[in-house]
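Just so it is clear, A, B and C label the chains in written order, and each chain counts residues from 1 on its own.
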Amino acid sequence: MHIPRSALKSNLGHKATFGNSGYFGLTSGYVEGMNNHPAYNPDRLFPADPGTRDIARRLYGYVADLPIVSPHGHLDPQMFVDNTPFPNPTKLLISPDHYLTRLLHSAGIDMEELQVGGHEGQGPRHAWRLFCENWDLFAGTATGYWVEQEFAHVFGIDPSRICAEQADTLYDALSDVLAQPDFRPRELAEKFKLDVLATTDDPLDDLAAHAALHADASFAPRVLPTFRPDAYTKMYNEGFAENVDKLIETAGDGKTGYEGYLQAMRNRRQYFIDHGAVSTDHGIHNCQTTPLEPAEAQALLDMGLRGEATFAEALVFEANMTYRFAEMSQDDGLVMTIHPGVYRNSSPTALKKFGPDTGHDIPFGLDYINGLQPLLADFGENPDFHFVMFTMDETVFSREIAPIAGYYPAAYAGAPWWFIDEIDAMKRFRAATTGTTGFSRYSGFIDDTRAYCSIPARHDTSRRVEASYLARLVAEHRLTEDRAADIIVDLIDNSPRRVFNL
Amino acid sequence: MHIPRSALKSNLGHKATFGNSGYFGLTSGYVEGMNNHPAYNPDRLFPADPGTRDIARRLYGYVADLPIVSPHGHLDPQMFVDNTPFPNPTKLLISPDHYLTRLLHSAGIDMEELQVGGHEGQGPRHAWRLFCENWDLFAGTATGYWVEQEFAHVFGIDPSRICAEQADTLYDALSDVLAQPDFRPRELAEKFKLDVLATTDDPLDDLAAHAALHADASFAPRVLPTFRPDAYTKMYNEGFAENVDKLIETAGDGKTGYEGYLQAMRNRRQYFIDHGAVSTDHGIHNCQTTPLEPAEAQALLDMGLRGEATFAEALVFEANMTYRFAEMSQDDGLVMTIHPGVYRNSSPTALKKFGPDTGHDIPFGLDYINGLQPLLADFGENPDFHFVMFTMDETVFSREIAPIAGYYPAAYAGAPWWFIDEIDAMKRFRAATTGTTGFSRYSGFIDDTRAYCSIPARHDTSRRVEASYLARLVAEHRLTEDRAADIIVDLIDNSPRRVFNL
Amino acid sequence: MHIPRSALKSNLGHKATFGNSGYFGLTSGYVEGMNNHPAYNPDRLFPADPGTRDIARRLYGYVADLPIVSPHGHLDPQMFVDNTPFPNPTKLLISPDHYLTRLLHSAGIDMEELQVGGHEGQGPRHAWRLFCENWDLFAGTATGYWVEQEFAHVFGIDPSRICAEQADTLYDALSDVLAQPDFRPRELAEKFKLDVLATTDDPLDDLAAHAALHADASFAPRVLPTFRPDAYTKMYNEGFAENVDKLIETAGDGKTGYEGYLQAMRNRRQYFIDHGAVSTDHGIHNCQTTPLEPAEAQALLDMGLRGEATFAEALVFEANMTYRFAEMSQDDGLVMTIHPGVYRNSSPTALKKFGPDTGHDIPFGLDYINGLQPLLADFGENPDFHFVMFTMDETVFSREIAPIAGYYPAAYAGAPWWFIDEIDAMKRFRAATTGTTGFSRYSGFIDDTRAYCSIPARHDTSRRVEASYLARLVAEHRLTEDRAADIIVDLIDNSPRRVFNL
């Protein structure tokens, strides 16, 4: 369970070479001469102090070229089965990325014009122009940073060209790139050094795409499903009754009610395991985990199915289910990840017009330990259970997550997530947790993305941030550089494999 | 709505010159030879790393001499009408500044001796001596920093002289300065390069001072009233019934009850607009914004007027009014600012003896999105509505304010405010919000001050902090310096004008 | 009450000499040649920027050799009465330090094997091996840092030797050191320059050890008891009724019920004062301090004694007692410290097997001002009352603690505590509070430790962090270096003496 020092050493040969060639070596032929854009600078994100920067550069060298392990994300696995070229720059980069469309929306741009939620607006080229005209909005943002990295290192196009004047020529240049055979999903996966990629899936998904990929020896990356039962546990969401009825009918082994419901969950989890799943994911409303007696749960479930449960009653049922999923993990070994504390779909007009997951989910503050205690009391002491706590409320990093992960063998501090998955917030996470828990209780980096081409940029960002943090500890004589080198390899490569049983 | 890049370029000629001359060129004749006090150092507040400091210095140069735009504060506009000299150093610098008197009070000094709340104590010179004797209390504080800047750059007096030994000679020297014709309010406004200054006013204020200033062609700054209706919405405060009765009687168009109350609010808002107002300000208790049916509101208002509403009921009415004020802004276009979450007048003995706003208002934690959702759902999608969210609870910067401002076209992240309007907190604000929202969703700097001579010091501080933050992004290769130059001009000059419709 | 500038100057001669000799000069004969371990680096913890580091080094020099003032901790005073050698490395360093055992536990190691809670496991040498084998867990943690410092500067043993391979030879070497006469508790106290050391004691403790030490002219440090009545105020904990019955019977002056209970508290406080106590300590559940009428309190106490109080009722009684203890301090002058907001014993299985205080107490978020207002309203304005607010929830530093301590003469900001008593968190504390309150409202550093040999490492860490923070202010031209020198001496030496009336 602790950092396997010897295991790390084997990776220390992975020294990256630096230069303007980009980290995928994809840029030859696309970069027009020397480029001064920051995205080409090999010291990007490293601390300004020259001595610390030197250390960061060396530490980054150990991990720059390591394969990508992505234990949680939102790509569609069918993409790799079909392996069709991406249709156009807008469909690849803009429409599916709500971090990008939300900020354009804040500037008064209609999301219909950005082709969000299936709308066509005035077409993809018009959407692209809007994006380019408003590129200044993204200065200083994580999204802006990732897009620049993608241009420089995936597409081999100078990110300085993202501006109103060059919108059309850029659209055309990018379209040309996307039409090339080696820019299809599978070919990119290889270039990205994608080793493991988890998707997020409905419990009733047949996982045919996963099966197809698994059966295809020509495709190297492991693409794993993740069991995400939220649509079956939240009585306050539309479709709950239909979903639950279908679940019990499909997988309940003929049992009915709460008993059939639990049995169906168990069965579908096993189906996921049979298709390679290693974890379940739960976007729970709050952190409550108080278990219910079967009769209580049955009564609440009945109310929920009849549409008669109050919001408070629905949360009581949801809390019980969070506990029950942890209980199921004791038997089937699935890693359990939670990310509580979000007001979903805060804009009803946007929900109606564009659907969920379009940028108006807003986090709120949480009470971790008072909610999680029943779960931790019963399952937290089990080292074979892996329970990963994500948060959008960074106040709990030092106050609750680090103390919990630093005691309970089951508990791990999830990587910064959502809005705090940006450069300075990642540094705050490190500074807030390490003093209490060290590095061994970390989930490994999670990209959690719907934007395929941002994956290498996101992982590279995490590697640069870890190198910068560790470089500071070395510069302040808190760690030797040798030890920091071991640690960064462990963080990037071993942590996610260890925590997610990969 | 987005950063108008071209507009920025026009300001790039404003390069400041550095040196010991002070940023107003006011110091000639007052500074005794070369001074080593930090307040004279042109690199004040810039990061220590030499490379980053160089960048910060250059970026600051673009904004150092820009005029001051102050869209929210607490000065008395009559000051500019009368233009009488400031009576003495204590009345100018100590008594009205509760940041200063509160820390002296914490050291056991009776606020009566500091001439707070109209008390005379042992006179202004005695108060001044107490201040000088206890100057060490202010080391490291924002207040201490601003006072030093004022001495060095407004009064032209070496801040090293603030000490027990020189209390009397300093009092005399400062009195001499204040007696000079060019140290009267209007003359200082010119030296401060005051372009826009908003005051905060009672809805029934006749705004005569504003009218007089507007009519006076010899006075260049725009002095604008701000509609602040708190005294008419909080049933739990003394005087509520009297205030409301008078409001309805004065401005209700003959209507009565809740209908007359709303009509009077609308009428007075229009009166403010006619006198130049661009915004309303609301010191709300919490973030609740649930609207009520008219009959419910009427019933609660009746209870409040009879003095029979509980605190919980009063908050329900206040929440309704926060929603209603947002609704009114849809019609009349006033910008709406809120600053929730303060336990007002926590010390009853101090309230009784010295009155409100004397340093014992203490912030508490907030739940932004669950409270604001009704308001945002109905008005947040309107780009013509400007809704500025301030906070004294910095945990909501990354968790709620940045995510809200980064989606809703109406929502803006207010500058750090009150206790977090200090140097390191301003840096934390930047680091907590920029990764999610960039720079375009920022309100612009707000000085919110009752201390006239601190205005240039406060704005200069903000400019130096922005330069330091941006310099770090440049040094870390996250932005080009060109782009950072555009951004800093936008932040300092364009943001407040854009957000407050100036 | 303010920083006595002149008093500070007297300490400025205490310039430390640097080098590899360690700060106790204990290392001669133990360090094998030049050692490159960071623990020997004189610049440890100082900022990397060379200019800032130079300043930090000079500022640290003023306080490096000052005596240790420790106004709150958890050592057993009998240790100094007996002055027997420490039995073995495990009993000294591992078993009693729950910061250390908790992280080993998180890695799946049974605490029984670490000899926690009186368990013997496979003996101390086996426990020691487990610690050494898992040493990598502590990289980057405060505990790891302190252990390294102890090895280098107390035991004179190269901390690089903490590894699986050298576990046995290290155990033997350390055992040899502990067997030496000058490594007994009293001799170490002298080497640590221990000036004041407070213990934490049960109200019914006879304080015989304190009396014996006080009577012994050969032992220089002042060892003071601290009145900690938690076991008599929390109805929800086991043993409450027995404890209270015994308290009233022993010290109630024959009175009964709530009256006898309060009288017994007063009497035992006086007994503590007579034995040198200067403060009381309260691990309260939340921040509530609403006082009750005697009849209400009596009724609740009766319910608690019968075991019939709900958790909510128990908290109401606890809130009343927090208020009453503050009230008692008005009369007897004891300093009052609080540290609210912890879910105690979150793991029932660990509580049952290993007892309390074994690493599974987890903090939660707090509402300071709404809870504390009744206490502050009635006693906060009294400058002779000293009320120190600790927190494990760092969000309240800038939001509530700094504003409260910066107004109320009674209120002081407690040093970072528990999980946030680590290097980066201490920096955050400074940055979060100083802008509002400066340095005068600080409690002084608190080590709060059960690990005797970590005391000098912890205090040295604090001194280095303060030097680093102040160096940044100097480097940014916010303070002169002279003034920073005064301040650091005040923080380290005068603050705890002033706040704890030492």
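To be clear about the criterion, contacts are C-beta pairs under 8 Å (C-beta built on N, C-alpha and C of every residue); 3 or more make two chains touch, one makes a residue touch a chain.
In this text the structure is predicted, and so the values were computed from the model without any measurement.
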item: Turn needed to bring chain A onto chain C - CA fit, degrees, nearest 5; value: 120
item: Same or different residue numbers at the chain B/chain C copy interface, by half rule; value: different
item: Chain centre separation (chain B, chain C; CA means) in Å; value: 39
item: Junction residues of chain B, two or more chains touched; value: 47, 49, 365, 395
item: For the chain C and chain B complex, residues of the former touching the latter; value: 1-3, 5, 47, 49, 51-52, 365, 367-370, 373, 376-377, 380-381, 383, 395, 398-400, 402-409, 411, 431-432, 434-441, 472-473, 475-480, 483, 486-487
item: Complex contact set, residues of chain A against chain B; value: 36-38, 41, 43-50, 102-103, 105-108, 133-134, 136-142, 144-145, 343, 346-350, 359-360, 362-365, 392-395, 419-420, 422-425, 428
